[in-house]
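One chain, chain A, links the two complexes that follow: it is found with chain B in the first and with chain C in the second.
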Partner chain A sequence: MRLARRLRPLVFLVPPFTLIAVFVIYPILATFYYSFYDKNTGLLSLDNYKEVLLSSNPLNIIIARSFSHTPPWGALVHNLVWVALHVPIVTFLGLIIAYLLKYHVRGSTIIKAVLFLGIVIPPAVGGLIIRFMFEADIGIVPILFSYVGVESLSKTWTLYPQTALLALILGSVWLWLGFSVTVFAAAMETIPRSHIEAAKVFGASTWQIFYKIVAPQLKPAITVVVVMTLLWDLKIFDIVYASTGGGPGGSTTVLALVMYNYFARALDYYKSAAVAVILTLVVIPFIVLIIRRERG
Partner chain B sequence: MAGVPRNLLIAGIVVLIILVIGAIFIATRPPQPTPTPTPATVKLKVIGPWAGAEAEYFNKVLEEYKRIKPNVEFEYSTVRAEDLAKTLPLQLDARTTPADIIITPWGWFIVEMAKKGHIVDLTTVINKDDYVAGVLDSVTWDGKIWAAPFTMWLKPGFWYRKSFFQAHGLSEPKTWDEFKSLLDKIKGISGVKNPIVTGDGVGWPISDVTEHFIIAIGGPQLQLDLISGKVKFNDARVKSVFEAYLVPLIKAGYFSEPIEWTKAVELWWKGDYALYFMGTWITGMVENPDDLGFFPLPGAKGVVGGTDYIFVPKYSANLNVALEFLKWLATEGQVVHGSTKAGKIPTWVKASPGALWKPMQDVYRKVQDLKLAILPDMDDTVGGDWQTLFWDQLKLLWVSPDKLGSVLDTLTREHPATKG
Partner chain C sequence: MKKSFISRRAFKTLALNLVVWVFALAWMLPFIGLVAVSIQPYREVVVKGWVRVPDLSSLTLNNYIEALRNPLYDLATGYRNSVIVAFLSSLIPVVAAALTAYAFANLDFRLKALLFATILFIMMVPQQLTVVPLFLLYRNLGLYDTFQGIILLHSAWGIAWVTFFLRNYLRFIPRSLVEAARVDGASEITIFYKIILPLSIPALIASFIMQFTWVWNDLFYALVFLASRDKQVITQKVVMLKGEFHIDWGLLTAGSIISMSTPLILYVVFNKYFMRGVAAWGVKR
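Right, the complex of A and B next:
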C-alpha cells in the first residue's frame, strides 16, 4: 500500500515529463550534439564553431574583425545594439506614456488600444510595414525629414548601411511599445489612488510623484518588460528577414538570421545548430542576471 | 400421380416451362459488353512558385490536363523557392513529401536534393535533345537528369513604352555612346526622376541588370566562366565592366534607388522613369503590352534565360501518375503555358513559336533576329548562400558605388568555386 502511495505521483508526472523530454529536452540535446557534428567525417569536433565564428560572408559574420563608425559590425554586435537602444527606449517610453495616460489623459483606453495594435501585427508583416515606413517618397519618416529640410534622412533608410539598423530598431520600438504600455498600465492599477493624492497634498510635483511614488511600486512590472524586451531583441528575426534580409552589406544581420541562413540557404544544419547554441549562450547570462537581481 | 391435385400439376408444368425458356434465352443471348471500370480518380498535389495572376495562368495548364485525363485532379499550392528551400529538405529527410510534383527555378537546390537521394531520376523519362541547349545543365548531376524543364523567361534588356519614346522623339540605341546619349536625353525630360528604375525585392532585379552588363560588355563566355568559377569577380575583365560602364552610370544618377519591383512597374509605366530592366513576365503585368518595346545593351551577344524545373520526390504516393503528368507538362504543357499571358516561352524545341501569346511572339522574334544566345542565370545557378550574398552586395553597390573593390573581393572570396 505504502509503495503504491509513493508511486501514485509518478503516474501523474510521467505524461508531462515524457512530453517535455520529447519536445524540449531532446531537441536541446540534439541541437547541442549536432553543433559539434562534422558532416564530412561523422566525428565530433569544434570545426562548426570555428567556421561559424570565422565566417567572412558579410551576411553571416558573428563579430566583425574591424570596426568602423557605421555597421556592419557583425550579427552578435547588432543584437547587442538592439538591446542597448531598444530596451531602454521601450521601457522608459512605455513607463512615461502609461503614467501620462493613467493620470493626465482622459479617454486613454482608446490610445492604449491603438498602441497595443503593434503587438497584434505579426512581426513579419511588421517588418514589411517598417520597410515602407522608411521608404523615400511614401514612408512617413523620410517624408517628415524632407518636410523639415533634412535631406540626408529623407532617403530610403533601409537601403543604406548608415541608417538601416537604426530604422529597424525604431520600427521595432513602434511594434513593441504597446506591450510595455499595457504591462505598466495594468501595474499602475494596483497603486492605491490614496498614495498619489497624499503626495499631492504634501505638494509633490508630477515628476516627484512619478519618480518617488509610481516608479518604485512598478519594479516587478519593469523586470517583466525588460526581460521580455531583452528576449525579443536577442531572438529578433522576422522583422529583419522581412525588411532587409540582413543587408545592405550585412549591416542589419542578427544571430537568428545567421542561424536561418545556414539552415535554409546553405542547407548546413550543423553550423546552424552551432549558431543556435551561441545564441542560447548569449541569452542565458542576461536572464540569470535579471532573475538574480529580482530575487535580491 | 392420382394423389396430386390437377391445378397444382398444371402450375408446376407452367413454371418449369418458363424456367426452361428463360434458361435457353439467357444461354443463347449474345454476350453483353462488360462495362469498363472507371479508373479511380487520382489527386496530384502540385507545388509551384506562382501566386496571383501567374497562378491563374498555370491553372489553365492544369485545366487542360484535366480535360485530357479526367481522372486526375490537382491540388495546387504556392510555395516560393526561398520557402521551399527551408522546409522541403527536412520533409524529404523524413521520407515524406508535401507534393507529388514540385516546381522551382533553383536548379542548384534540385541537385542538392538529388545528392541526398530524395528525388526520381528522369534521365529515361524525358529526352534531353527535345530541349533548348544547356537548359538541363543546372539539373544534371552524376550524369543523370533530375528535373524536367518547364517554360522559360528571358531577361532581354531594357523595357520602354513605345508611346513614351514616340512622344519624346527617342529611339533604341545601337552603340554605347547612343545609349549614354539616350540616358542624357531622358534625364532632361521634365517629370522623369531617373532614366532607369531599379527594381528591388530580395535583390534579384539588381543582379539581373548586372549580369546583362557582364554579358553585353564582357561577352557570354565571361558570364559562364563567372558561374563556373573559372574567372573570379576581382578579375581585371570583370572589374572593367563595373569600373568603366556600370558604376559611372550609378554615380551619375542614371539609375534610381532600388524600389520594390512591382511598385517600380507602376512608377515606370506612369512615366516617373523611362527604362526598366526586367524579365519577359513584365508583358503580363502592364495594361497594354502592345505599347511595350525593349532593347538589349548595344553589342550584347546573349541574354539570361531562366527556367522553372519540375521534379518528383521519391516519396510521392502517386509516382506513375506524377511521372506521366510531368512528361506532359514538360512538353505539351509548355505550349499551353506559353499561350497564356504568363510571358514565358517553351524550352521544348518542338513547340511552335506561333502558339505563343502575341506579345511574346514579338519578343521571341527580336531575340532570334538579334541572334542572342540564351545563358543561365548566374545567381540561380550558383545558388546556396552565395545567391543572397550576391544580391546583397549589389544592393550595397547601388547605394555605395565607391565600395566596388570590397564588393568584388567579397563575391570572389565567397563564391563556392573560388572559396578559400
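Right, the complex of A and C next:
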C-alpha cells in the first residue's frame, strides 16, 4: 500500500518527462559536450570557443576586438546596446501608459488590446514590419523625417550601418511595449483604489501619486518586466533574421544569429554549439533570478 | 472660482485623453500602412505612396492571390503545414502537461522541487541550446525534415510552460475536493479524470490557444528542422518573400497579413486568455 502510494506520481510524471528528457534535457547536455568537441582530433578542447571568439568574419563576430569609429562592433555588443536602450524605454513608457490608462483615460481596454498586438503576431513578421516602417518613401518613419526636412533620416534605415541597429531596437519597442503595459496594468489592479483617493483628498497631484504611491507598490512587477525584457533582448533572433539578416556589414548581428550562421551557413555544428553555450551563459543569471522568484 | 477650477481639471483630462489616443493611433500606423499597401498594385504605391485615401477603382487582391498561389512563394502550402504542425504540437503537450500539472498541484513526491525548477529552466532557456544534437540525431533517425520530428520537439518544449501554467491554475481548486474523493476511495486517475479535468477546461483551452500561437509564430525551429519546399511552414515562406535586393512590398505586406491572420483571429476571439496569461507575471503568487 505504501509502495503503491509512492509509485502513484509516476503514472502522471513518466510519460511527459520522457518526452522532455529525450527532446530537451538530452540535447542541452549534449550541446555542452559538442561545444568542446574537436572534429579534427576527436578530443575535447577549448578550440571551438577560441575560434568562435576570435572570428574575423563580420557576420560571426561575437566580441569586438577593436573599436572603429563606426559599427559593426560585434554581436554581444549589439545585444547589450539593445538591452541598454530597449529595457529602460519599455519599462518607463509602459509604466506611464499603464498608469494613465488606469486612472485617467477612457477606452483603455481598446488601447491595451491595440498595444498588445505586437506580442501576438509572429516575431518574424514583426521583423518584416520593422523593415517596412523604416523603408524610404514607404515607411512611416522616413516619410515623417522627409516631411520635417531631415534628409539623413529619410532614407531606408536598415540599409545603413549607422542606423540599422537603432531601427531594429526602436521597432522592437513597438513590438514589445504591450508586454510591459499589460503586466503593469494588471499589477496596478492590486493597488487599493482607496490609497489613491486618499492622496487626492490631501491634494496630491497626478505625478505625486504616481511616484509616491503607485510606483513603490509596483516593484515586483518592475523586476519582472525588466528581467523578461532583458531575456527577450538577449535571445532575440526572428526579428533580426527577417528584417536585416545581420547586415549591412554585420552591423545588426546578435548572438542567436551568429549561432545560426555557424549552423546553417558554415555548417560547423560544433562551433555553433559553442556559441549556443555562450548565449546561455549570458542569459542564465537572469533565468536563475526568475526561478528564485517563482519558487519563493 | 470653484467653477474655473473644475473646468481646468476637465480640460486637463481632455488633453490627456487626446494625447494618449493620438499615441495609440500612431502605434497603429504600421498596421494601417501594411493593409493599405497590400490591397493596391505596388506600382501605384511606388508612384503615389500610401498615405492617402486609395482609389477604390485600383483596389485589388492580386498581391494576396500571388503570394498564396504563385509556386515561387506558395504561402498556401506553408499555411497548411503550419496548421498541421501547430495543431498537433499543441494537443500533445496540453494533454501531457495536464498530467504533470496535476501531480505538481496535488501529489507529494521526491524531487518535486528539482523537477519544478527544471520546468522553469526549460521555459526560459534559449532554443539555440537544443538544436545541434537534435539535428544530428534526427538525421540519423530519419526525423529530419519531417513533421513528426518538429512536432515532438515543440511538444516536449511546450510541456514545460503548459505545466507551469496549469499548475498555477489547479492550485486554486480547493485541495479539500481532492482529499474528500480520496477518502471515498477514488483512485488518483479517477480524481484527475472526473474532478480536476472538467474543472480546468478553461485553462486547458487557454493553454492550447497560447501554445498554438507560439508554435505558429516559431521561425527558428522550423528553419533548423524543416527544409524542403513542401514541408516549410508559413513563417519560413513569408521571410523568403523578401528578395535579396529588390523588395516587392505589395507581395510582402500581403504575405505578412496572411501569416499573422491566424494568431490575430485567435487573439480577437480569445483576447482575455492572452492578456491574463501575460498579466499573471506581474501579480505576486
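In the analysis below, the second predicted complex is superposed on the first by the 259 of 296 C-alpha atoms of A that agree within 3 Å, B and C clash if a C-alpha of one lies under 4 Å from a C-alpha of the other, contacts with A are read in each partner's own complex, and residues count from 1 in each chain.
Going forward, contacts are C-beta pairs under 8 Å (C-beta built on N, C-alpha and C of every residue); 3 or more make two chains touch, one makes a residue touch a chain.
Everything quoted here is computed from the prediction, not taken from an experiment.
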Partners on chain A (chain B, chain C) - clash or fit = clash
After lining up the shared chain so the two structures overlap, which partner does A:150 touch, if you call chain B first and chain C second: first, second, both or neither?
-> neither
Report for A:46: first if it touches chain B alone, second if chain C alone, otherwise both or neither.
-> neither
Would you sort A:159 into first (chain B), second (chain C), both or neither based on which partner it touches?
-> first
Kindly classify A:264 by the partners it touches after superposition: chain B alone (first), chain C alone (second), both, or neither?
-> both
Does chain B (first) or chain C (second) touch A:273, or do both, or does neither?
-> second
Who wins on chain A residues touched, chain B or chain C?
-> C
For A:289, is the partner it touches chain B (first), chain C (second), both, or none of the two (neither)?
-> neither
Which holds for A:136: it touches chain B only (first), chain C only (second), both, or neither?
-> first
Using the touch definition from the top, say if A:247 reaches chain B (first), chain C (second), both or neither.
-> first
Do chain B and chain C touch any of the same residues on chain A, and if so, which?
-> 135, 260, 263-264
Which residues, counting only chain B, touch chain A once they are in their complex?
-> 82, 85-86, 89, 112, 202-203, 257-258, 260, 384-385, 387-389, 391-393, 395-396, 398-400, 403, 410, 413-414
The answer for chain A against chain C in the complex is residues 6, 8-9, 11-13, 15-17, 19-20, 22-28, 30-31, 34, 97, 100-101, 104-107, 110-117, 119-125, 127-129, 131-133, 135, 137-140, 143, 174, 177, 179, 182-187, 189-190, 220-221, 224-225, 228, 231, 235, 237-238, 241-242, 256, 259-260, 263-264, 269-270, 272-273, 275-277, 279-280, 283, 287, 290-291, 294-295
List of chain C residues in touch with chain A within their complex = 13, 16-17, 20-21, 23-24, 27-31, 33-34, 37, 45-46, 49-51, 96-97, 99-100, 102-103, 107, 109, 113, 115-118, 120-122, 124-137, 152-153, 155-157, 159-160, 163-164, 188-189, 192, 213, 216-220, 223-224, 235, 238-239, 242, 247, 249, 252-253, 256, 259-260, 263-264, 266-267, 271, 274-275, 278-285
Mind pulling up the chain A residues that touch chain B in the complex?
-> 56-60, 135-136, 155-156, 159-161, 245-250, 260-267
